[in-house]
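Okay, handing you the structure first.
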Amino acid sequence: MAEKKPSILNRLRNMTDTNLLLTITIVMFFLMYIGAIVFQGKGFLKPQTFFNILNANAALIILSVGLSIVMISGSIDISVGGVTALVCMSCAVHLDYKGGNVFTAFLLALGIGIAFGFIQGILIAYLDIQPFIVTLAGMFFARGMTTIVNTNPFNVENPALVALKDTRIPVPFLGSYNKLGEYINAYVEIGALVAVAVVLILFFVLRWTRLGRNFYALGGNRQSALMLGINVKRTKFYAHLLCGFLSGIGGFVYFLHVGSGAPTHAAGAEMNAIAASIIGGTLLTGGVGNVIGTFFGVLSLSTIQNIVNSAGLDDAWWTGITIAAMLCLFLVIQSLVLSRKKKK
Amino acid sequence: MHSLINKICYSFSILGLMLTLLACTPGQYSNSVSQNNEENPQDVILVGFSQLGAESDWRSANTVSMKEAFSSDEKYRLVFEDGQQKQSNQITAIRKFIQQEVDYIILAPVTEEGWDTVLQEAKEADIPVILVDRMISCQDDSLYTCFVGSDFELEGYKLTEWFNSYVTSMRINASDINIVNIQGNIGSTAQIGRTEALREAANKYGWNLLDERCGEFTETKGKEVMTAFLQEYDNINVVYCENDNEAFGAISAIEAAGKKVGPNIERGEIMVLAFDGVSEKAVSYVKEGKITCIAECNPLHGPRVHSIISTLGVGGTPDKISYVDEGIITANTSVKTVTVNDKDYQVTILDKE
Amino acid sequence: MSENVVLELKNIRKRFGPVQALKGVNFKLCEGEIHALMGENGAGKSTLIKVLTGVYTKDEGSIHMKGYDGDIAIHSPQEAQDAGISTVYQEITLCPNLSVAENMYIGRGKEIIQNWKKMNDNANKILESLDIPTSATTQLANCSIAVQQMVAIARAVDMDCKVLILDEPTSSLDDQEVAKLFKLMRDLKARGVGIIFVTHFLDQVYEVCDKITVLRDGVQEGEYKTEELPRLQLVSKMLGKEIDDLSDIKNDEAIMQDTNEENVIETNQLTSTSGISPLDFYIKKGEVNGFTGLLGSGRSECVRAIFGADKVVGGTIKKNGKLVKINKPIDAMKAGIAYLPEDRKVDGIIGDLSVRENIILALQVLEGFWKPFTRAEADDFAEKYIKLLGIKTASADTPIKSLSGGNQQKCIVARWLLTHPEYLILDEPTRGIDVGTKVDIQKLVLKLASEGMSITFISSETDEMLRTCSRLIVMRDRKVVGELTGSDLTQNKIMSVIAGGDK
Amino acid sequence: MKKNSFISKIAGNRILIPIVALLILAVFNFIADPSFFKITLGYNNLGNPVLSGYLITILDYGSELAILALGMTLVTAASGGQDISVGAAIAIAGSAMLRVLCGADGRAETLQTPIIVAFLIAVVIAMAFGAFNGILVAYFKIQPMIATLILFTAGRSIAAWINNNQLPIVNDQGFTVFGGFIPGIPIPTPFFIAAACVVVIMLVLKFTNLGLYTQAVGINESSSRLNGLNPEFIKFITFVILGICVAVAALIKVSRLSTINYSVIAKDIEMDAILAVALGGNSLSGGKFNMWASVLGAYVIQFLTTTLYKFNVQSDALPAYKAIVVIILVIISAPTVREWMGNMWTRMNEKKDAKEAKVNG
């Protein structure tokens, strides 16, 4: 039965939820970007602005991807922000006072991330405790430990790290001319490359590996996953372990970007990561979501903040309100998409 | 079908609530810069201002003065960015200004180090950078065009000199003066200058400086730090606060602990010295004698920066460092003038209530 | 094991605490055969399926499969699948968010990397061979329930299963979907797959099954070829009554009805979201009537419509002649209707609350938010009914979940009696209860009826209904197919109406 | 049946957990420094008698938490989740109160409106935001924690927006009474306010069916629907009641400093509120609750906080210790762990019985 040429609407209807929400996110992102260009004038036309957004949000992208994986498998992890702050402070102290080098600092970051992922994974997967309570405690534990490691914020003087922080990877032929007519190359920070790599690798894991598909099955229907022969406990444990691992990497990338340790680092990052995942098309009920969508979700968040800022609402408190408004808008869109599906 | 319909109408009610929050911008916002969206015509000068946060009355007064200075003059358009106490936000803001090819960048740096790379980018983009309120430490000081702000060390010396002349006039011997210092954000120019002045005066005149702890320039942290001091030491008779808000916190902590705040140390009162003197509450506390003396720190940098930018506009070169003039206010009549490295400063005496 | 028997169960026993669910069941399934497994509530049918699929592990007995010698131990769904036993449950255990192809292959392969192209091609090949109208890449949620079931079957077939268990597959399908399913089952039969078909729709059994096994309270009542077992005899075997020795037990206490009495409750053309066909029903003061019919024939859905438990979409209800608006349970309660739900665990008890709180709950809601009972009032309400119904509980404060099934049921009955309803609906009040409590409840029903309360009594054990009801409404496939009063109240009359006509 | 009696004794009266925790802390402090329990009667700067000492600070600073614990217990019981936006909601209510009291420019010398009017406006606003959470949870069926996440993110920004980020200060001495002392009465007023709230809630529980309905909905929603209750409305109401508690807590918090700092006021108080409910032995997934135990749990947490302060633990480091306490509590009450403890106990019994049998066999 050859399928007749499906009309756009028809193809839209029987698209999988994941792809449908993904297209919504990408379309929304481009609309916003065009809106930003209108509002902000020529600043947004230059590619370097896009790379600046990418550099500033590299760590948030990695954290959001970790969070999306956990949300796809039907759980949640709000300790990523706290872990990031702890990683920054520990690496800073390790480098400046303990005389470690950048590589050992990176290992330390991974160690902290994996430790959090491991413990929280055990508590949630095997002891069956509510994920929100475990990770809420994890967040507060991490925030508390950050100040215990070192009370005052301080900038890292370790030359190797400062050099790493300021390295500029030129992006060929995407530069722009400044007022003096000189040609300045567009550049990207190391963190941005790591973030893009993480997104691509995770996209591959979720799309093509057995573990990735098990995450989706687990999120779709936990009881069915059990009956279909998937080891539900182990899969959920791996999800949290992976999220912990990624918050370790994200923490280190944030450390590279900021180059200092402070208790208030990445404050609210977990909320932004959840908002970015939902805007990126990850369903709260689990089973639906895509890391590419989350990548655009993070970029949409910072673009909308740029728009709101340049529209004159430039006080700090507008960022919180815009994120909450976006979160609410996309929650409503998701519930409409879900109910349209259920009605069929 | 019914459940879907009521779900939709609920969702629109929620959406409505959120949009009303966004849309009905409050009245007083209108006096800040009104944004015209059409492509800015060539002659409007674009000025990017990266403020470091909104942690104290002084800071809010500073922000308002900046915004007013540039909104009243339609030749300029101010793009304001709030760094929320984080250097990373301010760096991102400056990079955004560079992309928008602003004509001038005004920066109130939250800390002194870590600005070389981003200011180098601004220099390459040929955008002059004017520092406000706090200094930065960098190898090549051509990275910034000029600095407008207070000479914090001078403020510190004025206050400590006033305190010294007050102590000698009341014939209190230096050894039984026990001072605690509630510091501002560690690493900010204000904190460094004011703490340095106190340390120098303490070992010059022989006061014993019991303890120094960071109060983050806020009232809540100030109160917390003062409560901890009072529990650890019971012989405190002078509190040196590095801004108004910390003083308010310290005073409420002292009163909560059942002690009395006032100038006469010998009768067991605790003397409070402070900086800024911006809010009416601070002035009224001075009149009531709750705060014995305040070294003023003038937040109104708007007009000074505006004049610098107009001189730059016509090709002139403003002087590198320019300090705003500041005085000392107290309700205590015993000291009239203060001399710091042989320069006299007038003390304004407020009539006591 | 003779050559073409693919699965044999010998003396399977399983107990849950005091209740003996399976008392030594023997069962044989041959290759290329559709074998119906039938039995009323509590016959152990679902327990047997769960033992076979590894959800429960059997206490005693052995399971033999063709190609394996000795008893194969099944402790998890995974082991059952590996042994070649696949199951398609009524609520489809697949992942709606994944594509059709993924649902067929997830959880099986051992290889790390998933080859989408190979998977989709194989899936499409199988879908075409079984003539299932969907494609490998559509999301499962976008397919209809029937297609989803066929995908589950396709998954089982692709795991070259020798035994396929279909647990009530047709309960939510319409007629052409049922026909498509039967065509698929006949294809699999031709391929030599042994199919166990669990259903309660009689005409579907006669249409497609070769053999029928009847289970009754945990024992295999018998195995028959479909042609040799007429419908009437099948129903009698299921209900456990021999046709010939049935004496017409006339319940002597049945109160003769004076017909001119006003109807307490009267509904016409009542329909609800649960999909029952329009219901015309009436009940007089002091009358005990009953709904009977096989499991899933819509008995509960009718009374839930009357009580407002399911959203009413059409028709009206009159109480004592006056029109009454009922669309939520609270309206029904205010109109003096009480409803004892079928599933005690889910809809009846409030587990952690004490016996006292459970008993006074309904009356408390009627009293209203602002008028809570004092501890003394609540205590003597509870004590009164604990004594009246003989509820065995340590004290009125023990959480209700720690009571036995029978005592829990008595508490719920006490809860509704406390509201002194004019019309009491009891849905399967005696299911899963010791015989002693059953007799108490039946006596209580008759006593209450004599005091003027009109009662609807629903039970799957028809002899109970005969002893208590003066009028029986017979249901089949969500439709009222007959009403028996007076002299017709006999066992075989009921069965013939249930069996539908004289076949 | 020895196993059941022992386990049920522990699980039975859940109030045991806060009492045990209280004893541990009391003994620990007594050993460390007996002066902890010293209460002195001194005079504050305005010359009226003031009690001071660690116990007083516990009772004083624990009051906001106790009031919030009342509302949080009801929300947890009915919806099986917690409201993490209480901190942000306190900021909003406090900001609204100050906006009404100090007028637009936030510097008023005299109060623009009487305190009671400002408080009522704050109550209405807090109830409105509670209702917002209630609608998302009850009618949109969104998990309570995710639904309140929206207000958690936006709350402090909305609070800042209400006063356009100004930090208004109330100079009227009468206003500080709520957070400080009533002249002439040595006991801090917040303690009275908390006591009043507890009494009100207890009266409501006694003279209405709030308690019974909340628990019924929390334990088994479908069965309570069949008993005539409206589960959505009950869940919605618990969020609104929590809104009232938020407004009262905001009044105390703001009048302690007679000003407000949006990012710091009631920081991490949601963590303490959840900890109070858990410490009170109530299950965090809803159902039965014991209000007295939650209130006691709140004061136990304040006891823990004050003890940690005494050992000059940084205020920012506190969450780490509290997180550990929550994790231990949640592990102990997790069903799988209870089962495991149960079998461990029975195996121990069997070994003991076997030994006895061997001895006298």
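Each chain carries a letter (A, B, C and D) given by its place in the written order, and its residues are counted from 1.
Methods note: a contact is a pair of C-beta atoms (placed from the backbone, for glycine too) under 8 Å apart; a residue touches a chain by one contact, two chains touch by 3 or more.
Every value quoted in this text rests on a predicted model; they were computed, and no experiment measured them.
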item: Touching both chain C and chain D (chains); value: A
item: Centroid-based (C-alpha) most distant chain relative to chain D; value: C
item: Inter-centroid spacing, chain C versus chain B (mean Cα positions, whole Å); value: 75
item: For chain A paired with chain C, centre-to-centre distance based on mean C-alpha positions, whole Å; value: 48
item: For chain B paired with chain D, centre-to-centre distance based on mean C-alpha positions, whole Å; value: 36
item: Centre-to-centre distance between chain D and chain A (centres being mean Cα positions), rounded to whole Å; value: 32
item: For chain D, residues contacting two or more additional chains; value: 140, 154, 158, 161, 164-165
item: Sites on chain A at which at least two other chains make contact; value: 315-316, 321, 324-325, 328, 335
item: Multi-chain contact sites of chain B, meaning residues that touch two or more partners; value: 7, 11, 14, 21, 29, 54
item: Those chain pairs that satisfy the touch definition; value: A-B, A-C, A-D, B-D, C-D
item: For the chain B and chain D complex, residues of the former touching the latter; value: 6-7, 10-11, 13-14, 17, 21, 26-29, 54, 56-57, 60, 218-221, 223-224, 228, 232, 248-249, 252, 254-261, 279-281, 284
item: Footprint of chain B on chain D - complex, ascending; value: 42-46, 50, 52, 104, 107, 132, 135-136, 139-140, 154, 158, 161-162, 164-167, 169, 171, 180, 257, 259, 261, 264-265, 312, 315
item: Interfacial residue positions of chain C with respect to chain D in the complex; value: 307, 309, 328-330, 333, 339, 341, 346-353, 357, 361-362, 364-366, 369-370, 372, 415
item: Of all residues in chain A, those that touch chain D in their complex; value: 76, 123, 126-130, 132-134, 136-141, 143-148, 151, 263, 268, 271, 274-275, 284, 315-321, 323-325, 327-328, 331, 335
item: In the complex with chain B, residue positions of chain A that touch it; value: 38-44, 46, 48-49, 52, 56, 152-155, 166, 178-180, 182, 184, 257-260, 262, 264-265, 306, 309-316, 321-322, 324-325, 328-329, 332, 335-336, 339, 343
